[in-house]
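Multiple structures follow.
The same chain A turns up in both complexes below, where it pairs with chain B and then with chain C.
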Partner chain A sequence: MSQTPENGATLDWPAKYNEVPKEVFEREDLWPLELEKIFYGDEWHPIVHQSEIPNIGDYKAAELGEMPIFAVRGQDNQIRIFQNACTHRGTTLVTKSSGNKTEFECPYHRWLFSPEGDLVGCPNSREFTPDFDKKNFSLPTFRTEEYNGLYFITMSDTVAPLREYLGEEFYEPLGRILGGDGRLKFVGYQKVHYDCNWKAYCDNDGYHAPLLHLAFKMLNWQGGKGVQNVSENGHLSFESELKIPDDITALKDASILDFKGTETSTGSIVQMQFPLTVYSKHMDMLNIRYAFPKGPKGIEVHYAYFTHEDDDDEMIQHRIRQSSNLLGPCGLISMEDASIFSRIDKGNKTPGNAIFQKGVKSEFQLDLQVGQNDESGNLPRWEHYRKLMGFKRAES
Partner chain B sequence: MSEIEANVIFSIENLNRDYICALDKLDMNKWLACFNKQGTYTLISNENESNGLPIGFMLDDCYERLQDRVTQVVDIQEDSTEHYQTRHMTQLTNITDLGDNKYKADFNFTVFYTQDLIEQTSILGAGRYEDIILVENGKVSFIQRKAVLDTNVLPRYVPYPI
Partner chain C sequence: MANNALTLELKGEVEDLLNAYVQCIDDDNLESWPDFFTEECLYQVIPRENHEVGLPTAVMWCDSRGMLQDRITALRHANIYQVQWYRHIISNPVITTEDGDTFNVQSNYAVFKTCNDGESTVYNIGRYVDVIVRDNGVLKFKERTAIYDTHRITTLMVIPV
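And now, the complex of A and B:
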């Protein structure tokens, strides 16, 4: 039975909870509704860590859905996130991905904004409308929360505060990825475009890791004990021990796999915040993956890497060489994920449903209790997506 | 560059040609042979490079890492990678004599790629090589090859050096 949401998009959703219609990855007409219900809806989105813009006037451009935004550190050392559009006629104010400015000038009519978002200058204003007041033309900002130096925004007035939204089982490990105290130092991005729908990018699961990643097998790298926590609103949090063998014969320089830190985890934390942000701490790599859908097809992922302010020079260098070689679009232990994003996107043009099996105890019931290596942890987020989009599930 | 002897320029051009031919044929052992035992290879975005941010896409900071890059390409990732054919186009833009038989050389590059199954050709990236090259006893080799990508956002995952 076809369902018709407000924008006219229709989609049949299977009765079984472990089935996802493949067309959900391919249907271009779903994108406007996803913008409205998800990206501009009741969700929080991380935009910037304070260490990415450490100096007064530093800014970083980003996007929320299709909306251009930018974060800037003001003269008062406060970080604010604004819509990237002049309040006059809408011209973008920031055209570089990052930089430093003491003021933000629109080139069109020279309206001038402070880093705090105030309109401080606009030529010929005596000829404006009689009740024109610069105070009414500050840059629009967002509801914002900060956690360990990471700034989140939402367009919702009603979504729960960040901590409640994420839940304790997500919030606490995220704090450890963020160094435990947020005193991180930003050391660079890896940016890449993946040729897939945004939902394919963030549908990675707990089942695949020891099977897809040949590096794990070659390096005799055994996963230890671990947990996968999932929430009804679609957040996943994995934490597992890493047991890296003492004698790695496959590599000439096994120091790349050293696990020097013991401060914030026993090895590996991977978290997926709905709708599409990934946080990870593998060994000594501290990573936030900001992701920006490019419409219904294509997604741009910005892997941001960090060291900790307390690191000595040896640890800084270790984190940098580990991050540069193991993760991201060229990384030894993660590049296979990227190949799957592309391949699953092509394969999803075939008819039918994607079917989850590992860890599914009942096809007709949603289960929040999942094992470390189950793929059933993805099903609550699909259910959350289905509900947000207003697609009714078929009768069983 | 006019002060550099012609045979040095010739040697440096030959080394670069060996390098890009090795990659276009995906002969990773010939790629490795372009480096000496002090050799390093870096693939980094211009955004990081110009902002003093050290994270690279690839950061092989010792010869053992170069050897492991060969292992990664040949033995580890081959199974899941969607292969593409590359064509490296390069242009020598500068050579500076550093003394002790070492030269700093700069090349511009553009890399075209044709991916299996898609079979249309696109640009993988454009940028510059910043090289430190040893020309000694009739042999020429990289002490450093740093590929700095103008293409800050890669168009796809990149399993092979550039």
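And now, the complex of A and C:
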């Protein structure tokens, strides 16, 4: 791989594997290169779960890097993901974040597309170029794979198939977050904007939680034993025993912390897929966090919550009650992640490196064996990032 | 909707409740905030985007006064966040009542947030949809739903709206 980025953005990477230069969070000129090498490169990106668009014609708008896209369920019940741009002059076709349409009409010159992406009408086409053929103007789509109802896309022709890309240690627990069989029901979004670079959001690791979240302590709730699996291409997967707090005196109404599920031995799963998607199954909450960088500064995260089709009414209500109180930007046990993101962002304007410590056995060697609460689990992701970006590591 | 029972006096009483509620929050008397609700109550803050299509997930969802108190306990003792103040501006309410004891009320709100660096922003815009009842002679919220238009929450929401 070339060590000289095409757009000239270069950055001297420290020799030590546990050091990350703070300027990597601040340099605006890195963003175009990140788009090219990461978001439009050899990575898979989750876009929509089938339960978010359950009816024919349901659509959801999203972004891949800076590219507007949308997912839609066609008349044939197939889900397709398209570039959100008319194939004529490029006007966006959908402007709402989600909705239902049986056809997609461009308001500019009234080109009309079916939910299957075919151009089905364009006024005055007799005056178009002599060999104009509607068949050549379908909406561009992406290489797409589906897993338990979750649809992933990539712009790469060469990246490995999804399962191989994620690795078994990530793929199998993700399947459990997705209900084991993908038969989920979508129950709503919580959307939040964090004022930080997208990579600061990614560093939100398993190490901080027990320290940062006083709420855990207040609830007499320490995480159970578990493992952290990391892969060379930067995915992280935490699985731990779900320990139900038994004596909660700090709360007036502790019913919010009831666990109505059955599986506790690996009942708590948190996964971070490179570059920036988090999946989690905490207590009875099933959650996908779709994340969208807003350029070099700012990131929008859409927390999507689910129930399972087999849930009874009581379980549905319970999942919704937990989802609406424990996680997300207003969640009793997670909201302070957000304030940390902003403070990291301010602090990163100082010179030098961010330094990882917990779990680092050698500063000059990448280690994929990490303990449950080691922050060193972030380092393979940083090394993957460095390589993709073509930044040269200093000699040790 | 029948609205025979609404007198000027009752209208004033409802408006006093709405005003006292936001004053309580903006003055940081949050320990008193649960007292504006009946023991069995429903308080929720929900994105308009979910509410309009019938998706139930909210960002705060308390169905007992105890849960309201827990929110304040967490805010005071557990959660970490930048010091911040709210200023609520609320519209004149639309009030309907059939019996002078139960009121269906809707009003618009804007919350401006100022953090400890002195920066003020438009934080959250929406409407309150309320069911207000008389509880031992005093008007209280049986249900208060804040449906916010603002597409996304900036950073976090720790103080109730």
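Here is the rule we go by: the second predicted complex is superposed on the first by the 388 of 396 C-alpha atoms of A that agree within 3 Å, B and C clash if a C-alpha of one lies under 4 Å from a C-alpha of the other, contacts with A are read in each partner's own complex, and residues count from 1 in each chain.
Here, a residue touches a chain if its C-beta (ideal position, glycine included) is under 8 Å from a C-beta of that chain, and two chains touch if they have at least 3 such contacts.
All values reported here derive from a predicted model rather than from experimental measurement.
Three-chain overlay on chain A, with chain B and chain C in a clash. Of the two partner chains placed around the shared chain by superposition, chain B and chain C are both touched by A:305. By the touch criterion defined above, A:56 lies against neither chain B nor chain C after alignment on the C-alpha atoms of chain A.
When the two complexes are overlaid on their common chain A, residue A:186 makes contact with chain B and with chain C alike.
Of the two partner chains, both chain B and chain C are touched by A:251.
Within the superposed three-chain model, A:194 lies in touch with chain B and with chain C [touch as defined at top].
Of the two partner chains, neither chain B nor chain C is touched by A:112. In the superposition on chain A, A:328 contacts both chain B and chain C.
Across the superposed pair, chain B and chain C both touch chain A at residues 97-98, 186-195, 212, 214-215, 218, 250-253, 256, 300, 305, 320-321, 323-325, 328-330, 332, 335-336, 338-340, 342.
Of all residues in chain A, those touching chain B in their complex are 97-98, 186-195, 212, 214-215, 218, 250-253, 256, 300, 305, 320-321, 323-325, 328-330, 332, 335-336, 338-340, 342-343. The touching residues of chain B, counted against chain A in their complex, run 43, 45, 47-48, 51, 53-62, 64-65, 67-68, 71-72, 75-77, 79-82, 152-159. In the complex of the two chains, the chain A residues touching chain C come out as 97-98, 186-195, 212-215, 217-218, 250-253, 256, 300, 305, 320-321, 323-325, 328-330, 332, 335-336, 338-342.
For chain C in complex with chain A, the residues that touch the partner chain are 44-45, 47, 49-50, 53, 55-67, 69-71, 73-74, 77-82, 151-158.
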